Structure formats: structure tokens, C-alpha cells
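Shared chain: subunit A. Partners: subunit B in the first complex, subunit C in the second.
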Partner chain A sequence: MSTQKAVDFLKGRLNKKLIASLEVCAHCGICKDSCHYYRASQDPVHTPAYKAEKLRKIYRRYFTPTGKLFPGLVGARDFDEEYARELKDIAFGSCTMCRRCTINCPMGIDTGLIVRTARAMLAAINMVPASLKAGVDLTIESGNNMGVTREEFLETIEWLEEQLQDEVGDSKAKIPVDKKGARVLYMTIPLEVKVYPLSFIALAKIFYAAGEDWTVSSKMFDATNLALFSGEDDLARLHAQRLRDATVELGVKVLAMTECGHGFRAMRWEAENWLGEKFPFEVRHVVELIHEYVTSGRIKLDPSRNTKPVTYHDPCNLARNGGIYKEPREILARAVSDFREMSPSGVENLCCGGGGGMLAMTDYAKSRIAAGKPKVDQIMATEAKEVVAPCHNCMVQLQDLKKHYKMPVNITALSEIVANALVLPGEEKNN
Partner chain B sequence: MKHFVVGVLPYLTFLILVFGLIYRIRGWYASKVKYQLNLFPAPDTPGGEILKEILFFKTLYRFERPLWVMSYGFHLGIFLIFIGHIAGIAFAGHQFTLFGATPEQSEKLSFAFGMLAGTLAFFGALALLLRRLSGQVKQVSDPWDYIDLLLILAIVTTGNAMRTLAPVELFAVKKYFADLFSLRPINYELPTAFVIHYFFGQILLMYLPFSKLLHLAGGLINKAIILTGDGKAKLLKL
Partner chain C sequence: MPQIEIDGLVLNVDEDGFIEDPTIWNEEIAKALAKTEGVTELTEDHWKVVNYIRNYYLQYQIAPMIRKLCKDTGFSLKEIYELFPSGPAKGACKIAGLPKPTGCV
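== the complex of A and B ==
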């Protein structure tokens, strides 16, 4: 293993945003309370400044005059194999890159960017944790992270279509596949189709009620972009390219990403920069579409159908990193009768602990569950019975937390709550 | 030695400070964005928020009130000292005559502001140092975190001493700087207290571009990017 390769990689990656984030830390340490790892453990090694310092030490050693001349004085370190392993446990194992510390830093230091850079450096010397790497490789090989074949997908969609027809009582209700010129391409994830089909059916029901001209692609059906987290930039780019190509091929106007935080973020906020082009379609999160239907009156909701107390979890990549936090609240205000806000909420909401590819990395499962404790406390304080999270990754983590901490709550996708409150055309007259 | 500190070193200090800053900041801005991961569309921030951050350190106030007291006092003290040095030396303590004070009143006001600024900076720096030496913050500190604070404490202490224990004639200092700026090497008769204070001050200025004290340059710009970053179009331009 040549650690020099990682240092060279860092050199190629230094831009003003990253340098600023590496240079301007005053070591004040107020970021500690932003971090769910710190809140759970009260251990100073979980202070974001301390974690970012792991990369800063290398940066100083190789790229600053003081670090070259007086490494001991400024805490600069040689990047050797032992240090690389330490960096790995910090960068992959104790940060979800939720960026809560970033918005709460007086200097605006992007610790998420620093950690992501460290991951990319480690990826350059093949040090991505094996479980995460396997997910990325399968995505690149098969087009999706569960290795679902096109045939399997089509079969499942057929079955889901039958479920939809039963649900809405209309044998003409369809899940259009590869429909060219549709308005919306719904980009799902294989997990939703294969394991948690309820949210898929719920969403199909909403599209049906809204009379949306939508379709799914049998070529690409995975919004997940694990390489965003593994640090393998070229593979992240490749997956984004495939999603883009599939979207362009169908000629749709809107690429609607499923209830997934990072998948949305990757396509909406990162992919155009990666691919160096302006997409000929709009990238939206399905929550935005549902919001549009609800506020424009395209679908009608009856909040009295959701009477249990409901709280809302803001996925980091949707709220802080995606800009979507008002829409889901406006939807829920019309879909449930007892909504309870977590504290803090919106862009300040705490990470569930499953982000940044953490769920895929089995090595760090124990600390992931421990770091979820602040989220559990937040949920319990609301005394809600339903936790809505428009992100399948967050949902899986919340399910794990529910099991481990014995939370008496249901974890639900936003589409399910909305579908449950949905007043289908024709139903109104009967009431 | 004394001659070196007041007659030669200042020019060196100036060169190192200016070229150091250019070198460091050019290094940041010349670097190209090779991988974009820069997105903060989330917080809709009104322009006033940035001003609040700059003027009042709002984030610190929200998160750690005791630290805010230390840090704000410290930085405010430094800021007043900075302004006070320019005005106080340029007008030899008579700067308040511009606002209608008599020369005697002006000298008293100048002294009072100096006391206020010196006290804020001294106790601020001391508090920050003690905080850094205690508990968790100690674990995330490197030697230079202490060096920065010790250096500033040394400067502030000698500065305070010059105001109280060993008063220095401001007019002499003004004359010295006038000569220095016009590049006229003369025989300086300056008090030792001043020379020590001046020496530490120059060390700080030379060290500034290469230290984490540079957070004064990058920090606010960085924070402004985070607070106002909105939308895809803007990101593509970066």
C-alpha cells in the first residue's frame, strides 16, 4: 500500500473551499454539541473539529510552511499506514457527513467536505470498508445495489400493479414501465420494490389520484449512489451518468427521486457538477411532487384518517443538504390531525445515525446504534406514535433504533401517511 | 539588538506579513475546483444574519454562552486595540479633539479606551487559555493553540504595562513611526518596555499568515458562503 498516493490525491483535491475549511478552524470546539456521536458519548474524540483534525494534520504536514518546518508544534503528522487506519475509523466509522456542525460553525467549516475528502483519499489506496465497497461494486456491475435483474424488476412491478388495482378498486390503474414522453420518471430503489413495497404502492396510489403521467424505468431503478459515500468519485459519476441517460432516453420532464436523501442530493445538487452539463430535465424529490399535488388541490386529503400523534424526522440530505424541510410539514399539516415537531427540527434536526453509508458498513454497526440515541430521545420527547421519514435509509436506521431501544412507535414513509389520508375521486360522493 | 528591533525588523515584518498573506491567500484562490461537493441550499438566510455573525458572533452566543463572553470580549478588545493604535499613535492621544474634546480630555479618553480594550483582551485571552487547559478542550488542542494565546497575552501584558507602570510618551512613538515610514534611519531613543512590546507585536504579525490566526481572513468569507449558498445555478458557477 502506497500512502503517498493518497497524499498526491489530496493535493489534486485542494480547492479554496476545502483549504478554507482546513485552515480556518480556531479549535473553539463548540461544534461538539452539533454532533450526534458526541451527544451520545460525551467523548471529546467525537468533536467534529477533532475528527476533521485527522485530515488537517496531513494537510499541514505536506502543504503548509509551518507543518513542513515545525510538524510537532502545529500537530502535523506523516501519513503512514498506521495513521491511514486511524483516519479510516474516523472518516468512515464516526461521521455520517450530516453537516450539522457545518451550519453551526462560526467559521462555516464544512466538516462533511473534509470527511468526504478523507474518504476519497482512502478510496485512492483501496481502503474503503469491504461491506460498503461490495455495495458500490454491485451497483456498478448490475446497475443497482441489490443486484436485482431487469426480469425480476418487471415481475415485481406486475405484482405491485395488481396490488395497486386492488387498493384503488380500478382495474385500469397502471404502473407504466418505460413509457416514453411521460411527464415524470419515478426513480425508486430496489429495497422499496423488493422489501418494503408499501411505500411504492402508496406512491403509485398518489400518482393515480393526481392523474399523473408517470413511469418507471426497467433499465435503471436505483436512486442509491453509494459511491457518494465510499469516496469513489468516478463511480459516483458513472452511476449518475446512467441515471441521466435513462432519464433522457425516456424523454421525461421530471426525474422524481424516491424517498431517499442522498440519492436526491446526488442527482439534484451534485451530478450536474460531476458531469459538467445542465440536465435537460428537472430533478425533484417525490416529496416536492406530493407537495405540489396537495397545495394545488390535485389530490384531496382527510387528516381525520391519521389520528395517531405523528412526528417528522428531517433526513440530513433532504433538509440541511437538500433544502426541503417546509414542504413535508405543509403536507403533514393536511394529512394528519396531531403533528408534533421534534426539537430541534428542520435544518437543525439531528442525524438519525444511519447516513453517510453508515448502514452499509457492518464494521461500525455498534457505534451507529449508540450514536442514534440522541435521535431516540428526540422522538420519545414528542410522545408521537408515528415517525415519518421520507428517506428509506433513515427508515432502516430508525427501525434498528426502534428495535434496540424499544421505542413504541411506527416508522413510516411520508407517502404511506399521505396515501392513508387520500380521498380518492368518487369516495367523496359516498361520504 | 534594540536597534535591530526598531530599525531593521519592522521592514522585515512588513515584507513577511504582506508577502506571506499574498502567498497563502493566492494559494487558496488559485486552486481549481476539481470535485464539487459544495451545497448549502438549506438555510434561507437573510443578509442580516451575516452581519449579526460578524458583529456579535451569533453562533457562539447560541451554543456556548460562557465561551461567547470570553471570545467576544477578547475579540472586541483586539479590535479596539487595533483601532486605538492607529488613532492613538497618529494623533499622539489627541484623536478625540476631532470630536470637540480638549487635548487633555482627549488624552484621558484615549487612556480610558486603552484601559478598556487592554483589560478585555487580557482577561479574554486568559480565560480562553484557561478554558483550553481544562478538560475536553485540552484533548483537541495542539501546541500552537497555546502559543497563539501566550504570544497575544505577552503583547497585551507589555502593552498594559506601558499604559500603567512604565508610561511611554506617545509623541515619541508617533515621531518614530513617521521616521520609519519615510525610511529614515535615525538614532532611536525608545523605552525598553516599548521595544519589548514592539518585538512581540512584530513576531505576531510575521507569524500571522502562517498560523491559524488566519481564521480572521477565511472564516467570515467561509461562513458567508455557507449562510447564503443557494441554488443550483450559483453552484455551477463556483
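== the complex of A and C ==
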């Protein structure tokens, strides 16, 4: 294995922002308590500064004058195979790139960027963990990360349409497929279609009640972009291009990303930079659409239908990295009768531990569950019985945490709790 | 490789608790895996779902779509979730001895 390729890759990545993050760490240690890995283990190796130092050693060795001449003096290090393996366990195995340390760093060091750079270097020498790589490759090969075929997708949509019709008691309720000129294209994920369709039905019910002109694409139905996590920029770009093309082909005004944090981030905040163009459509998270329906009175909710105490988990890629934290709370204020805030929350929320592709990486499952303990403590302190998270990735992690730590809670998608409170047209006179 | 021991049965599993070698699966293993998924007793209904998934996997080397699972076993979505609280992927598929699916599961 040639590790030189990874060093060359780093050279190409060194812009001002990355160099600043690699140069300015004052080793003050403030970042440690911001990290859920450190909070869970109290082990110094989980301090963000320690993790970033792994890459800094390489940076100094190959790109600073002192490090080149006297590596020992500045803690610089050759990038060999052994070190590459250590870097892999840090970059892939002990950071979800949630960027909580970034907003708490007095110097503004973006450790998420450093870790993602390290992942990209490792990707350049084929060291992406196999289980994550399998998901990326399947996405590129089949268009989605679970290999669901177009035929399976269409059959499932037909079946979901039947369920929708039963739910709303209207045999004319539709899930429009490939409808050109619709206002909204709903970008689902294969997980929702293959395994967990309850949130899809809930959302279809909301669209029905709002009278939305919406559609799904039978060409592209995967909001996730696992290459964002594997560090393979070319593949992340390719998937974004496919989503963009499918959206343009249908001529919709809004690409509505499903309850998925990183998929939203990739399309909303990264894709236009990757593709070097301004999209002729808006990219929105479905939470934003639901918020629009609720606040404009387009749909009516009855909070007395959700009486259990509810708390809300902010997905990192929605709140901290996407600016969406007020909207879900304004929705929940109208959808449930007993809302309880976790502490801290919003942009300061703690990662659930499942982000950064961690759920797709079997090798690190044990430490993922351990790192979720601070989130469990937060949830338990609220004594809530329902945890709402508008991100399927967070939901799967929260389910795993529930099982492991025996939390007496339900894990629910935001669309499900909203659909449960939905007052359908015609029902109003009964209330 | 992690191991789990349930009622004297030692199994090699991945970090997520899926059995490492799907070919060694049998009813005893299914019962052991069920306990790790919060299913204390496998009833006739459980077996119907588990055997369906297992046979589908042996034929196609992949887990069935939830639609097929519901249609072919006659259970509703709600019933599947009642039978397997951790859901069809991590619950039912794990008990049926399938490897972990790709993606955020």
C-alpha cells in the first residue's frame, strides 16, 4: 500500500481554512466536554484536539519547514501503514463530525473538517471501512444505498397508496409518481420504502391534508449520500448530480428532502458547490414544508391527540449544520400537549452518536453505543415518553440506544407525530 | 470477532450482533438471537415471518421489501412491529440469520 498517495491528496486539500484549523490549536482543552465521545468515556484520546492532532502530525511532517527537517521537535510523524490504521480508527471510528467542538472552540477550529479530510485521505488509499464502502458502492451501482429496484419501488408506492387511502378514508387519495410540473418532489430514502414505511405514509397524509401538489421520482429515491461520510468527493458529487438531474427533469419548484439530516445538508449546503451551479429549484427539508403548512393554517393539528410527554432530538446536520431548530419546535408546540426540552438543545445539542456514517460502519458499533450514553442521560432527565427526531439515521441510533440502555420511550419521526395530530378536512365539525 | 453466549450457545457475531456466518443458522440460533432483540418467545406468528425472510434470503441473497413481507405473510405493518419491536430490519432479519443490511440501518 502506498501511503504517499494520501499525503499528495492532503497537499491538494490545503486551503486557508484547513491550514488555519491545523495551525492554531492552543491545546486549551475546552473542546473535550463538547464531545459526546469524551463525555461518555472521560478518556483523553476522545478529546477533539487529540483526534485532530493525528492529522496535524502528518501536516507538520510534510508541509512545515521544521517538521520536514526536525520532525521529532514538533511531534511530526511519517505517514506509514501503521499510522494510517491508527488514523482510520480515529477518523472513522471515534468522530461523527457533528461539529459541536467547532462551535465551542475559542479559535473556531473546524475539527469536523479535519476529520473529513483525514477520511478523504484514507479513501484515496482504499481504507474506507468495508461496510460503509459497500453502501457507497451500491448507491453508485444502483442509484440507492439498499439496492432497491425501480420495479420494487413502484410496487411499494402502489401498496403505500392503498394504506394512505385507508388512513384518510378517501379512495381518490394519490401518491403521484413522476408527475411533471408538480410543485414538490419528495425525496425519500430506500430505508423508508424497504423497511420503515410508517413515516412515508404519515407524510403522504400530511401532503394530502395540505392539498400539496407533490410527486416522487421512480428514477431517484435516495436522499442519503453516504459518500459525504466516506470522504469520496467524486462519488458524493455524482449522487448529487443524479438527484439534481431527476429534479430538473420533473420541473418541480421544491426538492423536499425526507427526514434525513446529512442528505439535506449534502443537497442544501454542499451540492451547489460540488456541481458549480445554482440550482433552478429550492432544496428544503420536509420539516420546513410542514412548518409552512402549520403556521399558514394549511393544515390543522389537535395537540390533545398526542398527550404523552414528548422531547425533541436535534439532528446535528439539521440544527447545528443546517440552521433548522426553531421550526420543529413551533410545529411540536401545535402537535403535542406536553413538550419537554432536553438540555442542552438546538445548535448546542449533543449528537446521538449515530452520525457521520457511524450506523453504516459495523466495526465501530460498540463504541457508537457507548458514545450515545450522554444522549440517553439527556432523554431520561426529561422523563419524556416519546422522542421525536426528524432524521432516520438518528432514529435508528435512538432505537439501538433504547434497546441497549432500556429506555422506556418510543422513537418517532416528526411526520408521524404530526400525522397523528392531523385534523383532516371533514373531521373538524366533530371537534 | 465478538462472541455472544445465550443459554450456553456461543455465537460469532459482528459488532451489531448479526451472525457472522449466515449459513450456520438454525432454530436454536434464531431463539438465541431473538432474546437479543427483545423477543422472549418465538410464537407461531414470529416463525411465519422469520421463515419467510429466511427462505427469501436463501433464494435472492437479500432481505425482502416490507411490502412483500406483509403481502406474503398476511400480517399488517402494525402487526409486524408488534411482533418485532426493533422492526423488520434489525429485529426480524437478524433473528432470521441475515447479514446486516447496507446503509443507515
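Everything that follows uses one rule, which is that the second predicted complex is superposed on the first by the 431 of 431 C-alpha atoms of A that agree within 3 Å, B and C clash if a C-alpha of one lies under 4 Å from a C-alpha of the other, contacts with A are read in each partner's own complex, and residues count from 1 in each chain.
Note that in this section contacts are C-beta pairs under 8 Å (C-beta built on N, C-alpha and C of every residue); 3 or more make two chains touch, one makes a residue touch a chain.
Note that the structure is predicted; figures quoted are calculated from it, not measured.
Undergrad: After aligning the two structures on subunit A, examine subunit B and subunit C and state clash or fit.
TA: In the superposition, subunit B and subunit C stay clear of each other.
Undergrad: Between subunit B (first) and subunit C (second), which does A:424 come into contact with in this model arrangement: first, second, both, or neither?
TA: Neither partner.
Undergrad: A:370 in the overlay: touching subunit B, subunit C, both, or neither? Say first, second, both or neither.
TA: Touch partners of A:370: none, neither subunit B nor subunit C.
Undergrad: Would you check which partner chain A:177 touches, where first means subunit B only, second means subunit C only, and both and neither mean what they say?
TA: neither
Undergrad: Using the superposition on chain A described above, determine whether A:140 touches subunit B (first), subunit C (second), both, or neither.
TA: Neither subunit B nor subunit C is touched by A:140.
Undergrad: Once chain A of both complexes is superposed, is A:275 in touch with subunit B (first), subunit C (second), both, or neither?
TA: neither
Undergrad: Between subunit B and subunit C, point out the one touching more subunit A residues.
TA: Between subunit B and subunit C, B touches the greater number of residues in subunit A.
Undergrad: Applying the document's definition of touch, where does A:238 land relative to subunit B and subunit C: first, second, both, or neither?
TA: Neither subunit B nor subunit C is touched by A:238.
Undergrad: Applying the document's definition of touch, where does A:154 land relative to subunit B and subunit C: first, second, both, or neither?
TA: A:154 sits against neither subunit B nor subunit C.
Undergrad: Just how close are subunit B and subunit C at their nearest CA atoms in the overlay, in Å?
TA: Nearest C-alpha pair, subunit B versus subunit C: 22 Å apart.
Undergrad: Across the complex, what residues on subunit A touch subunit C?
TA: Subunit A residues touching subunit C: 131, 134-135, 138, 145-148, 152, 155-156, 159-160, 163, 190-191, 193-198, 224, 226, 354, 357, 359-360, 362-366, 392-393, 396, 399-400, 403.
Undergrad: In the complex formed with subunit A, which residues of subunit C make contact?
TA: Those residues of subunit C that touch subunit A are 2, 14-18, 37-38, 62-63, 65-67, 70-71, 77, 81, 86-90, 100-105.
Undergrad: Touching subunit A in the complex: which residues of subunit B?
TA: So the residues of subunit B in touch with subunit A come to 27-29, 31-43, 53, 57, 59-60, 62-64, 67, 71, 132, 136-137, 139-145, 147, 210-212, 214-215, 217-227, 230, 232, 235-236, 238.
Undergrad: Any idea which subunit A residues touch subunit B in the complex?
TA: Of all residues in subunit A, those touching subunit B are 12-17, 19-21, 23-30, 32-33, 44-45, 47, 49-50, 53, 64-66, 72-75, 99, 102-110, 112-113, 116, 120, 233, 265, 268-270, 272-274, 278, 319-323, 325, 347.
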